[in-house]
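To start, the structure itself, in structure tokens.
Lettered A, B, C and D in written order, each chain numbered from 1.
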Amino acid sequence: MMPYSILTAFDIVLISTLLWLAWKMLRSEDLFKAVVLFISFGLLMALAWVRMRAPDVALAEAAIGAGLTGPLFLSALRRMERLHKDERRVNIDEERKSETIFHTQQKETP
Amino acid sequence: MSYLHTSCAFIILCAIAAGMIRILQGPTAADRMMAAQLFGTCGVAILLLLAKGLDTIVLLDIAMVFALFAALASITFVRRAWHEQTGASR
Amino acid sequence: MMTLLDNVGMLCIFMGLPFFLTGTVGLLRFPDIYTRLHALTKADNVGLGLITLGLSLQADNLFIVAKLILIWILVLIASSASCHLVARSAIQKNIHPWVK
Amino acid sequence: MEQLLNGLRSFIVQKNIHLSIHGHAYLGRSVLLRFLLFSAVWFVLTGSDTASWIIGLPAVFLAIGISHVISPYPSAPLSFIGVCSFLPFFIRQSALSGIDVMRRALCRQLAVNPGLVSYTTFLPEGSARIFFVNTISLLPGTLSADLQEDRVTVHTIDKNLAIWANMQNLELRIAILWRVKLHKREAL
């Protein structure tokens, strides 16, 4: 009787943590936080596969889900932010250009 | 089937669940990443204990994948993801 | 079936558990990145070391022992290297350590 | 204790107890050593399954190639006495560091007094220095935070610890372990 109760407690904690992680991941505004939550979700999901007696799926989940997709997401995030930074710089440049045009126009008019 | 090992694994799982708080509130990006690293180390320990507790030796291989992943993720994090924007501000 | 070796191994595993718990406590309580790194790397490595030792004492053959030790060494290298990398880039980003 | 350490340290610096390492002389030996190491890892991974070596042997050779690309300078093999004295030291120190962190984390008022310390290492460039930096992180109260040339920035959890002496002790042990000379720079 004893081992089953311990394993049941293990499963309950595992499942509730997984659900909580998934909920927080979907709800988070911060993309980086979502990626880290995704990595942790992958790790815990691997544990869940182990509990479902599917160690081969657990291996794939740990290697692909957390080990490969996580770092890929991290790199993608950086590219995205760099893209955003470039856009912002273009905008600032345009503003500055328009400002200088405006100033020169002002200088010329009087 | 040994219930002592599985209960030890259960205790470490509780440590993981508590570590989630650091991911959720960690002020900087590095804090969140460190919590994910904690998940990796604790996951290795859980898998080792379950390998003994559930009598499945295959779990040792998964533990090794976990160990390698921990290094991979944090190296990618440092080299690719953590720059000024995600630094001290968030 | 429990022999002396099994009991000693179980004792080692039990001794390893508090290290994991305090690693998490330290991660939650310590004030800045660097001190949290201290908690993460040291406590967890010692905890994993004790669990590895305990499981090696209970292992059926030497093969499993070798595998366990390989896993421990991998975790040790991975955690000390990644801890150094995180601390290094924190310093290069001018994140100052917390001062009492 | 500290005087003894300094004495031993200067002895090593002066007496040149090390083998001079010329890259090519050690190349064959280092390939052999790496072959043995990676084969052992593969053996541990796969078990006594002989058919697995069909994939194993190419993997081992690939690993030797990659590791030579990454760290092309073969180092002299570790000294046996060094390993014998370093292993117990390392295990004891890392256990102490775990207990130390545990004590600090569980104290009702946080017992931390962190700070950064700069340390100039005398270890030559290469694997010995990298080993030193990585080992610092596993010793009680210290964490290697940066490495620029020979200056290691150490983050300590308590400024009252005897960090200088600990670092020197560790450096000496690693010099014996890797059979390298602790060299002094001209500037010092």
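Here is the rule we use: a contact is a pair of C-beta atoms (placed from the backbone, for glycine too) under 8 Å apart; a residue touches a chain by one contact, two chains touch by 3 or more.
Keep in mind that what you see is a predicted model, and the values were worked out from it rather than measured.
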Quick check for the class: compute each chain's Cα centroid; which one is farthest from the centroid of subunit A? D
So, what's the distance in Å between the C-alpha centres of subunit D and subunit A? 35
So what's the Cα centroid distance for subunit B and subunit C, whole Å? 11
Taking the mean of the CA coordinates per chain, how far is subunit A from subunit C in Å? 26
If you average the CA atoms of subunit B and of subunit D, how many Å lie between those two points? 25
For subunit D, write out the residues touching at least two other chains, lowest number first. 45
Would you pick out the residues of subunit B that each touch at least 2 other chains? 16, 33, 35, 61, 64, 68, 77
Mark out which residues of subunit A touch at least two other chains, giving numbers and ranges. none
Going by the touch rule set out above, what shape does the chain contact graph take here: line, ring, star, complete or other? line
Chains touch in the following pairs A-B, B-C, C-D
Along subunit B, where are the residues that touch subunit A in the complex? 1-3, 6-7, 9-10, 13-14, 16-17, 20, 23-24, 29, 32-33, 35-36, 39-40, 43, 46-47, 50, 56, 58-59, 61-62, 65-66, 68-69, 72-73, 76-77, 80-81, 83, 85-86, 90
Please give the residue numbers of subunit C that touch subunit B in the complex, ascending. 10, 13-14, 16-17, 20-21, 23-25, 27-28, 33, 36-37, 40, 44-45, 47-48, 51-52, 55, 58, 64, 67-68, 70-71, 74-75, 77-79, 81-82, 85-86, 88-90, 93-95
For subunit A, which residues count as touching subunit B in their complex? 2-3, 6-7, 9-10, 13-14, 17, 20-21, 24, 30, 32-33, 35-37, 39-40, 43-44, 46-47, 50, 55-56, 58-59, 62-63, 66-67, 70-71, 74-75, 77-78, 81, 85
What residues on subunit C touch subunit D, complex-wise? 18-19, 22-23, 25-26, 29-32, 34-35, 37-39, 41-43, 45-47, 49, 63, 66-67, 70, 76-77, 80-81, 83-84, 87-88, 90-92, 97-100
Provide the residue numbers of subunit D that touch subunit C in the complex, in ascending order. 41, 44-45, 47-48, 91, 94-95, 97-102, 104-106, 110, 112-116, 133-135, 137-138, 140-141, 143-147, 153, 155, 157
